[in-house]
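Structure in structure tokens, see below.
Chain nomenclature is as follows: A, B and C, assigned in order of appearance, with residue numbering initiated at 1 for each chain independently.
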Amino acid sequence: MNMRAVIKGNSEQVEVTCQSRSLWSDALSRLLRQKAAVLGLIIVLALIASAIFAPFIAPYDPEKGKLSDRLQPPSAEHWLGTDSQGRDILSRIIYGSRISIQVGVITVGISLVIGTFLGAVSGYFGGILDLLVMRFIDIMMAFPYILLAIAITAVLGPSLINAMIAIGIVGIPIYARVVRGAVLSVKENEYIDAAKAVGCTNGQIIWRHVLPNCIAPIIVQATLGIGTAILDAAGLSFLGLGAKPPKPEWGLMLNQGKDALQTAPWTVMFPGLAILLVVLGFNLLGDGLRDALDPKLKD
Amino acid sequence: MKRFTNKLIIVLVMLFALSVLVAGCGGGAPAEDQGKQEAANEKVLVWGRGGDSPGLDPANVTDGESAKVTINIFDGLVQYKQDSTEIEPALATDWKVSEDGKTWTFYLRQGVKFHDGTDFDAEDVVFNFERWMYKDHEYHIGGTFDYWGYMFGDYPGVVESVTAKDKYTVEFKLKKPMATFLANLAMFPFGIASPEAVKEYGEDFFKHPVGTGPFKFVEWVPDDKIVLEKFEDYWGEKAKVDKLVFRSIPDNSTRLMELQAGTIDIMDGISPDDVATIKNDERFQLILRPSMNVGYVAMNMEKEPFDDPRVRKAVNMAINKKEIIDAFFAGLAKPAKNPLPPSLWGYNDAIEDYPYDPPKAKALLAEAGYPDGFETTLWTMPVPRPYFPQPQKIAEAIQANLAEVGIKAEIITYDWATYLEKVENGEHDMAMLGWTGDNGDPDNFLYVLLDKDNAVKPAGNIAFYKNDELHDILIEAQQEMDQEVRAQLYKQAQEIIHEDAPWVPMSHSTPPIAAKKNVIGYVPHPTGVEKLNTVDIQ
Amino acid sequence: MLNYILRRLLMIIPVLIGVSILAFLLIHLIPGNPAVAMLGERATPEQIARLEEELGLNDPLYVQYGRFMARVLQGDFGRSIHTHSPVLWEMSMRFPATIELTVAAMIIAVVIGMGAGIISAVKPYSIFDYSFMGSALIGVSMPIFWLGLMLIYLFGVKLGWLPPSGRLSIGVELETVTNIYVLDAIITGNWVALKDALRHLFMPALALGTIPMAMIARMTRSSMLEVMRQDFVRTARAKGLPEKIVIFKHALQNAFLPVLTVIGLQFGYLLGGAVMTEWIFAWPGIGRWMFLAISSRDFPIVQGGILLIAMVFVFVNLLVDVLYSYVDPRIRYD
């Protein structure tokens, strides 16, 4: 699951390194010209809106239901039906968007911060440090991905936050590789030499000059990564290692609804569709960003 | 290079086309025929279940999935009747016990053959028991023989000696009288294996099981299927089907869909939500296993506020068992009021359960000093168990019930192994757990789950309930040989437990089994495992 | 070249040692004891103590790790705690199933993925392009277990076209040689079993192959588009070569490289990552087995299994890198 976006970012964004302000606004206008990317953006904005305004738009309490109302099919009262505890599925999906955003942001945040640090340091300094870091990354990549996530969650104990940490850790190698590749190409530029000449410390150079110039592949990777993270968290919840009831986490809803696949298919269909839609949104946006930030690919 | 790529692509396209073609060939075939292409006259019964058997050496397994298979391959000296936990003859045709309860003599069935063709006699019985009970026995290998230690106290435990008096007579000498001795011998772990096979396969006996049962072992593909076939020389009622296949299909939904597609004949582990689907489908029948289990919520009496009996009673009154059973057991369970299942002798039906009464619960809480309730944790297991088919959903419903009376319970869950370890160490406030009886004896519930002897960490008594009066009664019952007297003692014990309310006894489930309508003669046993020699396909 | 391969092989060693340490540490850090996992509600303190003693779980971790590695170097992966059977035997029963599933998934992914990618690249912004790329995007956005259940319900139950799960129908006899059923059926010339095995293989392979398929489609499209803008393609066109030749000879050949990388990475990933697919489709493979081994704290299985999967992963990737230079002579390793 996690590798679906790694390839693009690897090394071919070499050219996307010296943006100026106009390039950013160019990129934005290019992004807005792509219909698919706009669709993605709309989905993502809708998700954010639903997270912020959940208490106003959700018709019911997402965590309270009556057992007497359980497993009711979609109706005027409950647009998407009710679940096994008699809770309104629509309200749960709306509140669940908060969790999905959390999952996406925190997970990617973990991979991004650690991965970027490792990648930047190893790419910038090279030598033995690079060798060590990259071997460590190799080890993580050779470790079966989902099993690593399962094992980490088992060590930390199953909960949503631990699932996020596990998926975050497992995602580190991609960012490290993307950033390292970008840093390697930026490093050779003259302005880095110039910065060195005026006596900037390595930290300053990495922070102020190298990283800002590798931002494009990082953004693209992160956008795509959010979608992946949401899917992975759902997968862990499916195996009983993610969010705990009664949280309206979509993967958990899927897992709980699965028992009633045939008697109450709406308990499975709608959370599944919600995941699909949101992941699709992030993927569309990520693709769009990639094209927008990579002028070379534009016709 | 061009050639390489092109060729590669052509090959791939062809492979794919081939696979689609072949896969599509079965197109119009009716679902009923899917995958059951056995030879014309051969009757094959396919049993779908959730997991594979870890091993097939009954003495070395402890789980239901293994027992389900081994009970068909092996016989014990005695066995349970087909539909109850009463004892009937098996490899022993008769037995007697001495006055002091310390000497048991078994008279063995003659003319019994093992699947490998060797004859069964008293020496074989002695070999098996010595293999189980002596740690230094040459063939005490392939596992840790947990059930022996568990039922007989240790290695060798309560048994002092086993001797062959003659070719068909075996005598057991016990160190002290043991009321449950005979009932224990009927359990699946104590199936007699062929000594020749044990010696031949050694540590690998678990995948080459040889016994005297109605089916003999043919093939095992791990995580996929175990195939048994009819044993023609079986001493009892010969199997009606020619082959018996146990398939592991881990996902509940997939397993049901296999039944619907016609590729399996009978399945267990049905999700309660699917019960209606099966009931409404005229191709299937729903069979209920008689209950010999209890699902409960234990309150940790070592922690506040559950050290106060008023709080424990309040919790008992706050939970709506009936509604929970209707919703999450598909109604297929009895609300529990005692730790013992009602099918067991010694069950005290005179006890009146705490009513579902939230206002009264609130009043009790206020009396105990918690007018606004309190915050606590409710632990639940991650995997379905026979006594709690949907533990997390049940926990959510209990959580909602408790919230009504002001108790805010956070749901805590760990994976199964961690969960057990943590609750046995008393890390919980409230925890859901349950028990399925081993041998149909009340001692196997009350002593194991509620005696103070077992409230030592890691504990079987996870309420950490310690009552000396109860302890004395339970110990007395263990050494009493008269069942009438024992029953009275256990009834008294249940009264004490009811008054102290260490648990909320939730339910006695009757786990459903679904089968095609043409499967006849299947009788589910309360212990959860049964011989399938009486099952036929019409 | 040979030099390069040797150096890469050498580099594999520290990676594998690292993997084994990581696996070892992780599994021992998980709370919960194998005895408890095995005995469930019935575990008694004596039994737990006995098992700990027997397994040497009370020794310091580095001693246990040393013991484990010493045995592994002699080719002994130990015995499973729960079944007492040799880990290698257990593995040999399951690994072929996973290989079969993975290869089938990759074949489906490569054939459909590259096909869709090529068509989309040849006719960019056409209706084909949009529908292929749209489905590819939906493909990568779908929870795999959800897709799997829908497939079984549709093809296994409603339409009755394919068997819902498992590897071989009950009653179909097959003599196993490699335990890769499709291969065994071909070797023994058992066409009934071949057909049956392929029918069982199709749905899980499709479900597992969805994500790589979608990735390969997108990858093929974008790298072909990129190649087709380059000078040598323009030259070829200008020379008046037929479009078909331009596409297949020049564009595809060059676009194949990045796709190869995806194949390598995904192959290794699918090997250990098929947990959910194997679970849903009752496929007796290694992912499901490892998942259960982690849950039951079966240390020897987890340690040995992860090590073996990692080995396959690094070798497959080495193979891909070597293929890379073979396919594209411009790339040199020195």
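The definition used in the following text is that a residue touches a chain if its C-beta (ideal position, glycine included) is under 8 Å from a C-beta of that chain, and two chains touch if they have at least 3 such contacts.
All figures in this text were calculated on a predicted structure; none of them were measured in a lab.
*Asks:* Computing the C-alpha centre of each chain, which chain sits at the greatest distance from chain B?
*Replies:* A
*Asks:* Which chain's mean C-alpha position is nearest the mean C-alpha position of the whole protein set?
*Replies:* C
*Asks:* Can you check how far apart chain B and chain C are, centre to centre, with Cα atoms defining each centre and the answer in Å?
*Replies:* 35
*Asks:* What is the distance, in whole Å, between the centres of chain A and chain B, each centre taken as the mean of its C-alpha atoms?
*Replies:* So the centroids are 43 Å from each other.
*Asks:* What is the distance, in whole Å, between the centres of chain A and chain C, each centre taken as the mean of its C-alpha atoms?
*Replies:* Roughly 23 Å separates the two chain centres.
*Asks:* Quick one: which residues in chain C touch 2 or more of the other chains?
*Replies:* Expected reply: 30-31, 149, 153, 295.
*Asks:* In chain B, which residues are in touch with two or more of the other chains?
*Replies:* Those would be 253, 414-415, 418.
*Asks:* Quick one: which residues in chain A touch 2 or more of the other chains?
*Replies:* Those would be 154, 157, 258, 261-262.
*Asks:* In their shared complex, at which residues does chain C touch chain B?
*Replies:* Residues in contact with chain B: 30-34, 36-48, 50-51, 54, 82-85, 90, 93-94, 97, 104, 107-108, 110-112, 114-115, 149, 152-153, 156-157, 160-167, 169-172, 192, 194-196, 198-199, 201-202, 248-249, 252-253, 256, 279-282, 284-285, 288-289, 292, 295-297, 327.
*Asks:* Per the contact definition, I'd like the list of chain A residues that touch chain B in the complex.
*Replies:* Of all residues in chain A, those touching chain B are 64-65, 67-68, 70-71, 84-85, 154, 157-158, 240-241, 244-246, 256, 258-264.
*Asks:* Help me check something: in the complex, which residues belonging to chain C touch chain A?
*Replies:* 11, 14-16, 18-19, 22-23, 26-27, 29-31, 137-138, 140-146, 149, 153, 211, 214-215, 219, 222, 225-226, 258, 261-262, 265-266, 268-269, 271-273, 275-276, 287, 290-291, 294-295, 302, 306, 309-310, 313-314
*Asks:* For the complex, which residues does chain B have touching chain A?
*Replies:* Spelled out, the residues of chain B in touch with chain A are 252-253, 256, 271-274, 276-277, 323-324, 326-328, 382-383, 390, 392-393, 395-397, 399-400, 411-415, 418.
*Asks:* What residues of chain A sit close enough to touch chain C in their complex?
*Replies:* 1-4, 6-8, 135-136, 138-148, 150-152, 154-155, 157, 227, 231, 234-235, 238-239, 251, 254, 258, 261-262, 268, 272, 275-277, 279-280, 283-284, 287, 297
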